[in-house]
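Down below are the structures I want you to see.
Both complexes shown next keep subunit A, but they swap its partner, so subunit B is in the first and subunit C is in the second.
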Partner chain A sequence: MLRLKNTFSIERDISGCGLCGIINIKKVKINGENIKRAIALEHDRGNGLGGGFAVYGAYPDYASLYAFHIMYDDIAAKNNVEEYLKKNFVIEKNEPIPVLKISKILDHPILYRYFMKPKSDREDRLFHDLKDDDFVVRSVMVINSQYDGAYVFSSGKNMGVFKGVGYPEDIADFYMLDDIEGYMWTAHNRFPTNTPGWWGGAHPFTLLDWSIVHNGEISSYGINKRYLEMFKYSLSLKTDTEVITYILDLLIRKHGLTIELATNILAAPFYQTIEKMDPPKRELFTALRQIYGSALLNGPFAIIFGFSDGMVAMNDRIKLRPLVAATKGDFTYIASEEASIMEMCPSPDIVWSPKAGEPVIVRTENVKAKNIVQKEEMVSL
Partner chain B sequence: MLKNEEELVITIDAKGMYYKELNKMIKDGIGAGEKKFFIENVNGQYYLGDGIQGDDIIITINGVPGNDLGVFMDGPTIIVNNDAQDNIGNTMNAGKIVIKGNAGDVVGYGMRGGRIYIAGDAGYRIGIHMKGYIEQIPVIIIGGKVGSFFGEYMAGGIMILLGLNISDEIAGDYFGVGMHGGVIYLKKKIDFSKYSKEVEFSEADDNDMVVLKKYLLEYANDLNLHYDEIISGVFYKISPSSARPYAHLYAS
Partner chain C sequence: MTKSSFSNIQPEFLALIDDTKCVRCKRCIQNCGWGTYSFGGDKIIADHYKCVACGRCYTYCPEDAISVVKNPTVMRENANWHDYHIKNIWKQSEISGIIISGMGTPLKYKKYFDHMLLDACQVTNPSIDPLREPMELRTFLGKKPSKLELDFTEDGEPILKNPMPPQIELQTPFIFAPMSYGSISLNAQKAMALAAKALGIVMNIGEGGLHDDLVPFGKHIIVQVASGRFGVHRDYLNSGIAVEIKIGQGAKPGIGGHLPGEKIGMDISRTRMIPLGTDAISPAPHHDIYSIEDLRQLIFAIKEATDYKKPVSVKVAAVHNIAAIVSGIVRAGADIVYIDGFTGGTGAAPAIVRDNTGIPIELALAQVDERLRQEGIRNEASLIAAGSIRSSADAVKAIALGADAVAIGTAALVVMGCHVCGKCHTGNCSWGITTQRSELVRRLDPEVYGERLYNLITAWSHEIMEVLGSMGVNSIESLRGSRERLRGVELTDSELQVLGIKHAGL
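And then the complex of A and B:
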């Protein structure tokens, strides 16, 4: 993982955090300008110690490859990690992540991206026979926990995360998000409370295509962490939000649960609510609580969870953090504040506040992202 | 800043303006003796009208004001022509806030006087820790529905929940939990069994109707609603069973 070379205070502070999301269900792409304006409106919800964006549909030319974004403290760390990558992946392209040097982002790690695919004859095949997704997850865990001064902050296909220490509007300028297009964007403005503000600690947190932005704090972190460690997830990022990403990966990708069920595990109904349900539903929810009790998130939270086919926004069970949603045509907007939505869309069709613990689930229609050029030669590596 | 000489209204275009600057313009205006303000293109500015005083001040807002609208306000009237966000009228002491759209969470937190009139729905934790004393009676009226924790730890004042045009439940869980003062009126019956054991449910009597008529008339006028329709029919009343619900925990 990245060494913590920040000079900021790590003392406890009072929390805010802001989040925003945009999705177009027809996968029509927009650049980062709208979401930047929306999250900039929530400037005062953060304190300059973390800003970030996830964009889906960002790499149509490499859509079949895993896009790794990696932060390095120094060249030595880069060399070490690249040795691991070369051994295990076919790297189609690697390059520095384009950035614009601006006065507001003073100091940043080395930022590199790799478009690649696990080798079919990689070393680990001698011991395991992991599927590609599993091998990518394993690689992310290995790099983040065992390689000093390196941190993988994005590892999905045709999506990317752009984050760092700073206010989100400055991070957007730093990464020149006006030049990037996607059919779904999430954004976060951080006000770290219990953990340091460092480059890797900014949101979104991702693994494969899953990304999370989170406002709140997870008081069940210890239980969640121990539970995930049983499934070989390594939690090394000095923040609670990481657990949400891994729990969703476990529940949805590994255990094959639907998104609806997974969200009902994260924010499980109270037992008194379950008692009032019809018998089949009651049985299901009782079973979920019994089996997945350790995956329940306690404490206040509002999250936006992105995946390549959609977006989920939800609150904790008693609504201790703000969340507003709106739609306009094929677009759905989510934000911590209604004013943020107005910034993206001045006259939405509907605006509503989702109920506590009830997820807003938006799925894209089954169409290919516009402008996707499938490069067959790359698929057949 | 534009001044309309005939109507003596100060107009401010708040587009892109930071809240500190906007609030300073309002406060400087009040300091200079101005009474009426019209602020357009408001979007997300926090703390509008915080701590301002003067019973004859009227501020009209076009756009969605940010959190803590009218916090600590002491006398003026704020009219919002759109939705508003969280923490409206936080610890407000006197005056009036009228919201023509919906309101966010935690309206009137610790409110100790004045009125908040909301045309649409309001979120979670409305009127929590509201308090009243002799002539200081805070009042919140909601036209639509509300979320959970309505009137939690309410210690005084009046809340009226109308549930107009609402087909589903008008309130969430934990209704009036820990309530030990004040009164809540409902225009629609609720499933009382699911609520707090610390409150009593009854039909509003003639004395209650006097109170309801007084405030609902003003509410209907401010929001251009039909008073006759709002006041017709039976109202229900929720009041605390005890002014000291936890006395046995400490003093028995």
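And then the complex of A and C:
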């Protein structure tokens, strides 16, 4: 049975997974073929119940517009959501997402994409004055939680998510990713244990141009969720990955923290480490734990999160999930298994396993980086 | 009324002495604070009427010759007219007056902690071995900003823009509940002070002022300001790590306190700053707090007096509308809210209030935490839950419901020998805990019981670490408020809804 939303009678989705990522810091674009091969190699890390990709730089012609990818269960849902969109957005273009009918993806929802921006005279202006980004976030929450049979799975600018139920290599063929180009790709192969056939449950998860692929189970989900609800996030999907996406959105976009600090909240250093820091840093890190203790992601995870200017890969604070990184020239590769990296790049310059809780942060070059403390503790071959 | 000494009430317990074992050492006579025993020429005689089953005599009998048993003489069983009611009627008809009792209610109410079960990891996420991996229990009590404000140094390094509001750092999420000098002995307070210092936690000295001997433990002491304002002066407010305004107590919400004049000896008179031999009366309300805006004034008066360097806590009893009350307290500027549940202990309270007023801590805590989150102010204050935390399991469940830390009072007294006989108000405690009689107080060695308190809290902390590990988290903040890790058994839909948890199996 086809489902967009998590209507299973569970509090949340649990899954194991495989993941991959490629980024070129000069924003040189490549098509989806490489990453498809890499994630295909991790075939056994999934069970055919979810695969997906995020591509950055996919829509250069509409780079200034929000690209919404929406799945619909039926025409009625599509009509309802489009009514909302027309009321609130200037829609430059809408079209079905091009797909190739292949034997392995038989059953799929209606897949549509919209390039648009919020109207300046939209109705909600009457009672508050949200910035465009905030309004888009709110719209995503509204559609995902209040509109039956509709689910926004991508809402960023010049980027797109392509995902569904199936093995990732089949999903890649279904969406014809060989024809799409981007400077950054992430991919995911899913092994859910209790939510079969749920299109919305595939990764990546996105909000604006944040995208997350995630392997793991957040044992602190309960409090992370309640913490986010305090900031009016609605967690309609009941997945760990949704929690991570929203925490990042809160910390980086809303609270204005640096990515480095945000990663030190997700995988907070232990007090025994903090105690050894110099006084100003110790104070800062103690405050981070005091203020953001409820945002600590506890339990096993490996994640790759992408944003338009870069990519971050990291593990939980005691490294309970695999994560390998490598570089070759302007390319950085991340994967759950070293073999996947070799599939994309047979002779990398360096390959290393990032330490527990230590992020690999890669930024594209045209961005003037503020305060990068690039973790250079790389273990070379 | 000629036979005024005649009573319908039979002794509740029988203190039986095996004369063949007894060596007539008379240790029981010496140990009993109640005067149960006397020497009858060739053997020990017990006045059963005086026995409260505090357990002191048989614990210290070298020959194990004493057994205290429930009086087997039956009252005719009646599920409606229970002995509790019948005996109370007799008592009140004989002497009139309000029935006073010590400790929390002994009546059988539903204990919600006993209807909640914990989660653990299987397959999809690994559990963590606390003996091999770090496991963090460190807890900070105090106001937290909702977001971090950053500045950057010239090198672009981020630093704190504003210093954090004052916090109480606890190495493990326990504190010793407020018990005043007067209601308990100085030695009992000293035992807790020694343990708190060794454990890196804090004790609360209650409303009876700060004895000179405890001043050196200031970093581990919360000083209290209650309606009687005993011993309160500027140095007092600054001598601890935090100040607590006591509004109410779980065992007696809405009721003040009364320490009779005969208990006000030199030392207590000095510490409480009241004349020798006068009654120490804590009015039911603070007479300068008749509403929430008055509370705000007192909170800020204390903050002014302490130069904004000490967190201010407000202690309230869990009553029906507790969620809204606590929300108001937080908005009034409290940094910590201490919620004392229905079953909480006391040195003395009218039994009618103790046994009938208030609501259980589990329900109160769940509602308060949820309400503060709905209002987006949960970060503004830390929550301490109290009201008969009997085990580390209770503590874990309270924390999962949303408490930052738990306070233990009765459990700490049990460490010191308390058998929960409920006669604290008489001042005859054979264990030297709730008495000021020097011959009784002397027997409570602060170092011995300080060490046992240390042992207990250390053991409970290890147990919490085990549970955290089994849940696959390595820090207490990942359990705090994580109700997803709790499931209810034998609870109604309403109870589950109030607790914010799901029934087991779902």
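We adopt the following convention: the second predicted complex is superposed on the first by the 345 of 381 C-alpha atoms of A that agree within 3 Å, B and C clash if a C-alpha of one lies under 4 Å from a C-alpha of the other, contacts with A are read in each partner's own complex, and residues count from 1 in each chain.
What we mean here is this: a residue touches a chain if its C-beta (ideal position, glycine included) is under 8 Å from a C-beta of that chain, and two chains touch if they have at least 3 such contacts.
Just so it is clear, the structure is predicted and the values come from calculations on it, not from any experiment.
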| item | value |
| --- | --- |
| Subunit A as common anchor, with subunit B and subunit C clashing or fitting | fit |
| Touching partner for A:Met159 - first (subunit B), second (subunit C), both, neither | neither |
| Touched partner set for A:Val362, first subunit B, second subunit C, both or neither | neither |
| Comparing the two partners subunit B and subunit C, which touches a greater set of residues in subunit A | C |
| Touching partner for A:Gly222 - first (subunit B), second (subunit C), both, neither | second |
| Subunit B versus subunit C as contact partner of A:Phe231, first or second or both or neither | second |
| Partner chain(s) touched by A:Met184 [first = subunit B, second = subunit C, both, neither] | neither |
| Contacts of A:Val81 with subunit B and subunit C, given as first, second, both or neither | neither |
| Touched partner set for A:Ser294, first subunit B, second subunit C, both or neither | second |
| Subunit B versus subunit C as contact partner of A:Ile318, first or second or both or neither | both |
| First (subunit B), second (subunit C), both or neither touched by A:Ala262 | neither |
| Nearest Cα pair across subunit B and subunit C, whole Å | 5 |
| Residues of subunit A at both interfaces, subunit B in one complex, subunit C in the other | 318 |
| Residue ranges of subunit A in contact with subunit B within the complex | 41-42, 44, 318-319, 322, 324, 337-340, 342-343, 351, 353, 355-356 |
| Residue ranges of subunit A in contact with subunit C within the complex | 9, 11-12, 14-16, 193, 216-217, 219-223, 225-227, 229-231, 254-258, 260-261, 268, 270-272, 280-281, 283-284, 286-294, 296, 298-300, 317-318, 320, 370-371 |
| Contact footprint of subunit A on subunit B as seen in their complex | 43-44, 46, 63-67, 83, 85-86, 102, 104-105, 123-124, 147-149, 172 |
| Subunit C residues touching subunit A - in the complex, by the definition given at the top | 121, 124-126, 128, 133-134, 136, 138, 140, 144-148, 150, 152-153, 156-160, 163-164, 167, 373, 376, 378-379, 471-475, 477-485, 502, 506 |
